[in-house]
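Order of writing sets the labels: A, B, C and D. Residues in every chain begin at 1.
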Amino acid sequence: MALLDEANQVRTEEMLLNVGPQHPSTHGVFRLLVKISGETILDADPVIGYLHRGTEKLAEDLQYTQIIPYTDRLDYLAAMLNNYAFCHTVEEALDIQVPERAEYLRVILMEMQRIASHLLFIGTYLLDLGAMSPFLYVFQERERIVQLFNEISGARMTYNFMRIGGVKYDAPPGWLDKVRAFVPFMREKIKMYDSLITGNEIFLDRTRGVGVYDAETALAYGMSGINLRSTGFDWDLRRKKPYSIYDRFDFAVPLGQHGDCFDRYYLHLLEMGESLKIVEQALEQIPDTGPVLGKVPRLIRIPAGEYYSGIEGARGELGFFIVSDGKDKPYRLKIRKPSFVNLQLLPQLLRGQNIANLIAILGAVDIVLGEVDA
Amino acid sequence: MSEEQPQQSAAPAKAARGQEGGGKAAAGAAPAAGRAAANKQPPAPDPRVLAAKEQAERLHQAVADRFGPEAVLESGAAHHKPMLRIARERWLDAVNYLRTHPDWRLNYVECMAGTDYEDRIEVVLFVQSTELGHFVCLKTQTPRDEAWLPSLVSVYPGVNWEEREIYDLLGVDFRGHPDLRRIMLDDDFVGHPLRKDYSVWAETERPLVDGQRP
Amino acid sequence: MDWLWQWHNVGLTWLPFLGMVIGAVIVLLIGLGVVTYEIYFERKVLGWMQGRIGPNRVGPLGLFQSFADILKLLIKEDVVPEKADRSLFLLAPVIAFIPSFMVLAVIPFSRTHVFTANLSIGALYYLALSAITIHGVMLGGWASNNKYALIGGMRSAAQMLSYEIPLGLSLVGVVLMAGSLNLNDIVAAQRTWWFVIPQILGFLVFLVAATAELNRTPFDLPEAESELVAGYHVEYTGFRFAFFMLTEYLYMFAMAGLAATLFLGGWLGPWLPGWLWFAIKVAAFIFFQFWLRATMPRLRVDQLMSFSWKVLLPVALLNLVITAVVKAWV
Amino acid sequence: MFGFLKGMSVTLSQLPKKKVTLQYPDVRPEWPERFRGVHRFIPELCINCNQCARICPTDCISLGGERDANKKMRIDTFDINFDICILCDLCTEVCPTEAILMSDTFEMAAETRDNFYLDMNWLYENQLRYEQNHPERAQAATAGDDA
C-alpha cells in the first residue's frame, strides 16, 4: 500500500508547447498553444491573426471591381473560387445575367481550381504525416493546372480573372483542348494517388478514427465543405442551392461515414474525380462562341440593401455579405471564411489526443491562413 | 410589412440607408416617400421579395407570439431573404426558440456579421434550416456607445470566433461569451477598426517621428 | 608480409599497433567518404523518385554537393543556447558519434580486409556499442533545454530501446545457425546459402528493427519534422549538428554492413571481388531505406511502441524457436 | 495487410521517369502571351486620362503631364511603385490607348525599397526589351492597330 501511495505522489509536470507561429506543419503563421502532459494534449488554444490584412476594412474604400484582386489573396490556393464568390454576390444583388460561355468558363475554372486546391491538401497532409513524395507529385499536376490558368488569366496564383458579369478574357485558342487533354491525365493520377496513399497501412493507422466528430457537432459549429460531409451529412451548396449552372451537371457528392481524418482525406480524392466529371461535361456543353462579359454598367453601384450569397468553396461555404448604401463602394463587406469557421472545433478535437495526432487533425481541417486571418 | 412601411416613410433617407435592403432593392414593393420618381412607373414587385416578406411575416408571428410584440422590432426582406429584427434583450431567447421550434429548426449558422451604422451597431445572422430549407436573416442591434449583446455561443457554438471577431473589430461586448478576447488584432490594440469613426492616427499612441505622427 | 594479414594473431608490438592506428584512420576516412556519398545518393534517389533531379549544381552531376554542405556546416558559427546545459550540450554529439564509428571495427568489408577486428563476440559488440548512441541523443535532447528537443530525445530513447530487443533477437537466429558470434565466421558459414533464405522471418524483423534503430522513415519520430521541427537536434548548429548527421549516416552504413554480413552473405559472391560484393549488398540495403523514405508516412509514437512489443517481438521469438528446433533436429 | 507495397511500386515506377525540374536561371520558363509581369509603358500613346491611377486598388500609379504646342496631352511623369503594386492588371484593362501593358519581366529583387519605385524611362525600356524578346507579338500588336 505504501508503495502505491508513493506512486500516486509522483507528480508529472505539464508543459506549454508553442506550436507555431513558425512551425513546419501549421501551414502558415498560425500559433497553437498546447498544454501537454508527456505527449498527451490537455488543452489547446489557437491563436490567429498573424496574417490579418484587414481586407474587410480595405474593401470599404474600394470600388467593386477593385475588390476582386483582394479576394485573390484570401484563400490563395483557390483564388478562382474567391473571385467567383464575390462576383456572384454582386451579380445577385444587381440581377445581372451572365453570358453562357462565361458561365461555362467559370465552372471549368472553378472545378479545376478545386482540383488544384484538393491536390495541395493531399500533398501537404501527407507531408504532415511524414510522407514526402506525394507533396512533390501533387505539384506536378498542380503545375499543369496553374499553367492552364496562366494561359487564360496571365497569373499563376492571383488570377483576378472573374469580372462582375462574366470573365475578363475569352479562352485563348486551343485552351479548351488542353483542358480536355488534362482530364484523362488527371484521372490516371488520381488512381496513382489512390494506390500510393489509400492502401498504406501506416497512413490508415494514423488517420482512421482520429479526430472524429459527428454531424450534429459539425452543424452546431457551422462547419461546411468536406469537414461537414466527412460526417456523412449531405451538404453541398452546388446541390442544395445551385448557383451558376451547376444544376446542369451530373455529379455525385461523396460522403464520409465516420467523420475521421481518413474520410476527410478520401473525400478530397473522390471530389477531384467528381470535379473532373463536371469539367468534362462543361467542355461538352460550352457554346463555341459568344460574349464572355454581360451587360454591366461601367461604374457598378449596388442599390442600398444587404446581400449575402455563398458558394461551395474548396474548403467549405465561402460567402460574401455586402451592405450597400447605394454608392459605388460597399458600406460593409464581410467574408464568410470557411477555414476560419472550421478551425473553431480544433481545441475540442485535440483534447486528450497524442501530440502526433495534433498534426494529423490540424492538417485534415485544411486551413489556409490567408483566409482564416483575412 | 405592417411595421416596415410607416417606419420607412418616416425615417429620413440618411438614417434608413442600408437597412431595409429588400424593400429598396425591389424598388417599389414599399415606395418610400419622396423616393419614387413621379414620371417613372414603379416596376412590378419581385416575387422573390414578396415571398421573403411573407415568410418574414410568419417568423414575426412566431416570435411575437412567444415573446410578446416588443421582441420584434421589424420584419421585412434582406434582398431575397426573409429578415427579422429582434430586440437585443430577446436576441438569445428568440434565436434559440427558432433553432428548436419544429416549424423553423434553424440549426445551421451560415454567416454572422456586424455592421456599424451612424446610430447603431447591427449584428446579422444568416441561419439556415438544413431539414426544412429555410434561409433566414436575423438581426439585432445595439447602441454604439455601451454596445453589448447577449452571446449566442450557448446556442450555436460555431459563432464563438465570429463573436470574438465582432468584438475585436466593432467593439460589441457579447455578454455570456466564454472567451471574449481579441482574435485578429493584438491584445493591446486600441480601438475597433471596423467602426466608421475609427482613425488609425487618433486612437493609437504612436511615437512622433520628426515631430509628426508617421 | 604475411604477418600483415594475420595481424590479429600476432602479439601487440609497435608495428601492428601502428598498423592498427593507420587502419583506424583509413576506416574513418572510408566511413566519411561513404557518408558523403550516401547523402548524395539519398538526395539523388529521393529526387528521382519524386520527379526531380536532385543535387546538380556543385561539381559535375552535383557530386561535390555533400562536400559543400559539410564545409558550410563546419564554418558556421557554433551556437550554444544560453539556457542549455552547456557541458552536456557539448558532450552529447561526441557520445553519439564515437560508438557509430567504433562499430565499424567489426564489420568485415572483404575477405582480406586487414582492419577488421576478428572479435569473437562481434555481433554482441555491435549491439552493445550502438546502444550507447542513445545516450548521446537523449542527452542532446535534454541539454538543449528545448521542449521539442526534449520530446524528440525521449521518443528517441524509448524507440531505440524497444527496438534493440527485436533487433537483438533477430540476430540470434543467425548466430544459432552459424554457431558463432564472430562476424567473420558468420560470413564463412554462408558459403552454401545466404542466411536470408532460412532466416527470412528473422531478416524481416531485422529489416524493420534496423529501420527503427536508424530513425529512418517510417520510424523517424525523434526528428519528425512536421511535429517536432527537428527533434533532438533542433538547437544544434554547425559542426555539432554535423556530428549528429554523421552519426546517423554512419550507422546506416554500419547497419547495412551488418545486414549484408548476417543475412546476405557479406563479401561472398561469385566472379566479382569480395569488397565489391559487399559494397553492392550495402548499397542495396541503403537504397531500400531511401525507397521506404520516399513512400512511407510516419508512424505515431504509441503505434510504434505497440508494433515493437506486440508484433516484432513475438515474431522474433517465433523465429528463434523455429531456428532452435530445426537446428536441434536436423 | 501489404497495401504499402502498392505504394512502393508507385514510387519505384517514378524513378526512371522524365524529370520535371526546370534548370531555372539557365533555362527560362516559357510565359504565355497574357502573362502578367511588370508593366511596360509607351509614352507616345498616353493621353493622361488618369484612369489607370484611379482604378488602381493600391494607388501605386502616379502620373502627370501637360499640353504641348499642338494642344496634345503629353506625359511627363509616370511612376509605378512596385513596392505596393499587386500586378492585378486592372490598369491595363482600363487604358483606352493601350499605353500601359504587362510584360513578361518578373524578376524584381532589389536591395532597397527605393529600387521598386520605377519611372517612365524604366517602363519604356521594359517595353523595348519586350519588343526585342517577342518581335512577333509586337508586330501583331501594330498590325492590329492598323486594321
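To be clear about the criterion, a residue touches a chain if its C-beta (ideal position, glycine included) is under 8 Å from a C-beta of that chain, and two chains touch if they have at least 3 such contacts.
Worth saying up front: this structure is predicted, and the values here are computed from it rather than measured.
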Pair joined by the larger number of C-beta contacts - A-D, C-D: A-D
Length of the line joining the C-alpha centres of chain A and chain B, rounded to whole Å: 27
Rounded Å distance, chain C centre to chain D centre (Cα mean): 53
Between chain A and chain C, centroid-to-centroid distance (C-alpha), Å: 43
Shared-contact residues (touching 2 or more other chains) in chain B: none
Residues within chain C bordering two or more other chains: 49-52, 294-296
Touching two or more other chains - residue numbers and ranges from chain D: 4, 7, 10-11, 14, 20
Pairwise chain contacts, counting only pairs that touch as defined: A-B, A-C, A-D, C-D
Chain A partner contacts - residues on chain B that touch it in the complex: 17-25, 27, 78-79, 81, 83, 107-111, 113-116, 124, 126, 130, 135, 137, 156-162, 169, 182-186, 193-194
Touching residues (chain side chain D, partner chain C) in the complex: 4, 7-8, 10-12, 14-17, 19-21, 23
Residues of chain C touching chain D in the complex: 45, 47-53, 56, 291-292, 294-296
Complex interface listing, chain D residues touching chain A: 1-4, 6-7, 9-11, 14, 20, 31-36, 55-57, 86-90, 93, 102
Residue ranges of chain A in contact with chain C within the complex: 15, 17, 23-25, 39, 126-133, 136-137, 140, 196, 200, 202-203, 205-206, 354-360
